[in-house]
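I've put the structures underneath this note.
Paired with chain B in one complex and with chain C in the other, chain A is shared by the two complexes that follow.
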Partner chain A sequence: MSMQKKNKPASKALLALTGSALSLPGISGKAAAADPVTETSIDYQYSNYREEDLPSSKHAGGDVERYEIDTHQLRVVRPWGDSYDVTVDLMYETMSGASPWFIMPGANGEPLQVMSGATIEDDRSDILAKVRKLYDNSAASLSLGYSDEDDYRAINVGIEGEWDLGSKQRTFTVGLGYSDDELEPTDGGTTLYPNRVTSAEKDSLSVYAGFTQVLNARTTVQSTLSFTRHDGFLSDPYKEAFVAGNRVQDNRPDGRDAIAWLTRLRHFVPSARGALHVDYRYFDDDWEIESHTLELGWHQNLPADWQLSPSVRYYSQSQAFFYAPYYNSARSDGFASSDYRLSPYGALSYRLRATKKIGTWAFHLGWERYTSEADLAIKSVRVENPGLVEFNAITFGISRHF
Partner chain B sequence: MPGAGAWRFPFRAMGGPCELRLYAPEEAEARRVAQAAQAEVMRLESHYTRYREDSITSRINAAAGGEPVPVDPETASLLEYADTAHKQSGGLFDITSGVFRRVWDFKSGVLPDQSEIEKTRQLVGWNKVEWSSTHIRLPLAGMQIDFGGFVKEYAVDAVARLCRELGIEHGMVDLGGDIHIIGPHPDGQPWQVGIRNPRDPEKAIVSIGLLSGGLASSGDYERYMLVDGQRYCHILNPGTGWPVQGLASVSVAAPLCLLAGTASTVAMLKGREEGVSWLRELGLPHFWVATDGQTGGDYAPAADAGRSIS
Partner chain C sequence: MRLILRFMALTSGLFLLGSLNSGCAVKKVEAWERGELAREEMAWEPDPQEAAYRSHVYFSKEASSGGASAGGGGCGCN
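Coming up: the complex of A and B.
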């Protein structure tokens, strides 16, 4: 409701006072970054991810039972003195099941998936620590991470700066990340897999910049642009391609440059006591993969501190330039990959999450159903990769702040 | 919806009676919002009160004449607001003028010496203060700042925003007579707010219907003394150190209680003629009572004027 009387231009004094009042945090709402962490919080989450078995029509050999992953995650955030805060993330996951190995043509030329024969059993541990120093209108953070698997080790470092550009109505973030990965594939160079590498290295460097803008008391928009360069062994040592009747190791270029642009919109609807979340991500790389992700979510507040959040996500990508389900003849550049993740496809996933708060405790339970198919892609796809995934995931979390 | 109306949560804070009136499907839900709202009021009160040594106000004042004091972003934005109000009011809205309290004892019934006022006047003046978005320094020992003149109105708006965020659509925030309407009664009817008669403060002189937004009043009836039949009230002109004259009370409605409070305080400080034209120029709905009993503005004393202020 406008309080200003009709037919009268707003007074200069009123405009100046209103402008100044609207930048007060209590009036604008305390959104955005660089708020010091004032209490310790601990979050634990368990999730079970289970890929569905391949249908027999697409399967030509190996185990039909695909991946199942159990993940445990623990996060602790706590203030450290007046001007620092610390975040530690621990993750442990166990994986088992078969994964797509190579694709061969069927009797009518249709691609059929051959899965890895032996069931893979592996576990992975991951630790990430981040220290943030808070200044008056900015913050700087340094993070260090280590990841370990039977056949894989990675170290990563990151630095990030955030600036408050005017009473938390707008914040600006820039960051730099570097990761150094070492692979020692299981059974590499053995008589069983003579062409599989015994060890390999890769690294990746990414830079990003983004801003968060409070549009009004109910709407916030965040946008981030990132650039990543991967170098080194980017092939999958456990995959092969079927080239002119022969099985060859998955072979990809040893460099990959990618850009990603992510925009998130958060809009609170007081009359419905809910919030709309809209996220869009654009991705493009020099392997000619271009993808679009659109996610719509609704977070509904319910009586007695319950919250219910349904969301739907759509994804579509084009294929890598060297990808084929199988090759009738070798490419002149020697590249070959039949990985479904490089194939053209689209995906839909539905998620539902319920959260309940009790005092300083919060509990959540979530479920996700994901389907990917060539027919869901934006552009029409001639041949669908038979290895495309369908999965269900459930998560359970418990958190507490002190 | 409760048939009897909104759930009421009275409490005391910021030196006066406060009340939240919230419509919610269940009392427990309204109570949860009320608790969060009260916690926000308490937070602001303890942060800005002059009566606690560890408040930011006390720390700034204790360092007067010494080193700059670091301020948090919220305090910095309040200083920014005070600076804007100072500029827009031609220097009348001045958060350093509280130091005059030392010379004006409204319980004594005795006027202070002009020489005392003159001496204290040297310690008043927002334009003397050195401040930035991170620090503030009062350059002279004995200088003081006081957020009391506007932090209550700010708290009213902050609480109203919080209630809206927590899902309340219909309700009212009242901190010692400073008001923010979260939204009308569920049937769309406005909230009726009684404005105190400055010469009979327990009675309403006019009733204002409000659908949303803020309402604040400023008057010479809150603290004053009579000396030789002349009223001296607690609203002091920062330039002269003497109580304002001309207007007995001013009430303003605005989208934010903070704006309404600043508008009414500055009108009181400007006095009758300038004050009334300031109100007209702002274009906000208002009501004033002059010390001679004359009234004016956008609201006329209504039929139910004279009812008790609850």
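Coming up: the complex of A and C.
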């Protein structure tokens, strides 16, 4: 649809046709319950993710050059008969660089990061296929996925149901997902890393339920609550902790229960010809990690089928109960982890995306800058983890619908 | 126990929200009034592919995960 067409005042009849032909935003993307996919679309996206080098003031050994990841994604969506549609997502990424290994105290007790010595090279492939069956006032979907790395394999399955609770103004959604993961860490059990496990397993089960509500002709809101249980080997086999002067393997509880409450609002402003996005997520788990995520986005339509979308995301988390940068003595429960992802911190990211449509083609270019530090956390943090990450991500995408 | 209590409180809040919405507070929006709601930029995820990528990045760099869907590949990046 061209920008010129969008600018013209639309008749009620035209809007009625548009409203029925296009789909309302649904729980998992563009389509809502009982609104069929009417055309085939193919999307390709390339992304380059690069972490900034560790500053020398926080570095105590190993390579300072951190991860760089190139990602290729392909997505195909197509209708299948009158009441089915199929979505296939492929992802392939290559990773290289050093990652945080363990933290040791400096001369004044300040935590210093030791990085992995040799550059890590790995690649990851992921496929996710989803089939959706549409009924008069509901939809059901089944998804199946497989993920493979040199040292990791996972298979996951998900089911989801959506019900229209009245004139497509309210939708109720419920879903269930299960993932079975196997790890075979590189160099596990060798003379170089005798304490690193040779193989391990974990599984995750998640359930979620939510409402989508149209508030008025320009505003819609969605609220979803999810519960996830992880069981098995949840430690990081490539990380160690510094305990009473000795290096020990990262060791975490073998169970983790978490809840997440996500609420999203979309509001269209006709005078500005733009849409406001507000997303808030509350997260809490039995490792005593509590987090808040707030994202604000604006999608501005511009002449000649251009669209500019700036957004800002704020994140803050508390630490896991067993985390410490390093340990002066061993914990009585034996847990130990100095992983920066379990430390208390806050993060701020800015993103800008430009989209251009030409007929049935669309192109987009995006950039994101992410910084994390202890001072950004909601609650004050006594000691900052030296391994906190800063990254830039650039994405380029091309898509076509038929 | 803390997690169970919070989960129960949030579940109650969610269903309370759902029941309030079914009352008289929300006016019915007719099909011909939904042109703006149906715009691409009004979707929960206008670009699901980019959303999946960003979700994967945050999942591998932060302690939190979970949202309005389940499934999808994880990674060996505990």
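Keep this in mind: the second predicted complex is superposed on the first by the 368 of 402 C-alpha atoms of A that agree within 3 Å, B and C clash if a C-alpha of one lies under 4 Å from a C-alpha of the other, contacts with A are read in each partner's own complex, and residues count from 1 in each chain.
Convention: a residue touches a chain if its C-beta (ideal position, glycine included) is under 8 Å from a C-beta of that chain, and two chains touch if they have at least 3 such contacts.
Everything numeric in this text was worked out from a predicted model, so none of it was measured.
Chemist: If you count the residues of chain A that each partner touches, which comes out higher, chain B or chain C?
Modeler: Touching more of chain A: C.
Chemist: Once the structures are superposed on A, label A:Thr71 by its partner contacts, choosing first (chain B), second (chain C), both or neither.
Modeler: In the superposition, A:Thr71 touches chain C alone.
Chemist: Thinking of the overlay built on chain A, is A:Arg281 touched by chain B (first), by chain C (second), by both, or by neither?
Modeler: A:Arg281: touches chain C, not chain B.
Chemist: Applying the document's definition of touch, where does A:Glu149 land relative to chain B and chain C: first, second, both, or neither?
Modeler: Touch status of A:Glu149: second partner only.
Chemist: What is the contact status of A:Leu348 with respect to chain B (first) and chain C (second): first, second, both, or neither?
Modeler: Neither partner.
Chemist: When the two structures are overlaid on chain A, which partner does A:Tyr208 contact: first (chain B), second (chain C), both, or neither?
Modeler: second
Chemist: Looking at A:Val197, would you say it contacts chain B, chain C, both, or neither? Reply first, second, both or neither.
Modeler: Neither partner.
Chemist: Once the structures are superposed on A, label A:Asn301 by its partner contacts, choosing first (chain B), second (chain C), both or neither.
Modeler: Once the two structures are laid over each other on A, A:Asn301 reaches both partners.
Chemist: In the overlay, answer first, second, both or neither for which of chain B and chain C A:Asp136 touches.
Modeler: first
Chemist: Check whether A:Ser271 is in contact with chain B, with chain C, with both or with neither, and answer first, second, both or neither.
Modeler: first
Chemist: Shared contact residues on chain A, chain B side and chain C side combined as an intersection?
Modeler: Touching chain B and chain C on chain A: residues 10, 12-14, 16, 18-20, 23-27, 29, 167, 217, 268, 270, 301.
Chemist: Could you list, by residue number, the parts of chain B that touch chain A in their complex?
Modeler: For chain B paired with chain A, touching residues are 25-26, 28-29, 32, 40, 44, 70, 73-74, 77-78, 80-81, 83-85, 87-89, 133-134, 154-155, 157-158, 161, 164-165, 167, 169, 211-213, 253-256, 258-259, 262-263, 278, 281-285, 298.
Chemist: Provide the residue numbers of chain C that touch chain A in the complex, in ascending order.
Modeler: 2-3, 6-7, 10-11, 14, 17-18, 21-22, 26-29, 31-50, 52-54, 56-58, 61-78
Chemist: Sort out for me which residues of chain A touch chain B in the complex.
Modeler: Touching chain B: residues 1-5, 8, 10-14, 16-21, 23-27, 29, 136-137, 164, 167-168, 217, 268, 270-271, 273, 301, 303-305 of chain A.
Chemist: Under the touch definition given earlier, write down the residues of chain A that touch chain C in their complex.
Modeler: Touch list, chain A to chain C: 10, 12-16, 18-20, 22-30, 43, 45, 47, 49, 71, 73, 75, 89, 91, 124, 126, 128, 143, 145-147, 149, 151-152, 154, 156-158, 160, 165-167, 169-170, 172-173, 175-177, 179, 181, 183, 204, 206-211, 213-218, 220, 222-228, 234-237, 252, 257-262, 264, 266, 268, 270, 274-275, 281-287, 289, 291, 293, 299, 301, 307, 309, 315, 317, 320, 341-342, 347, 353, 364, 366, 368, 370, 389, 391, 393, 395, 397.
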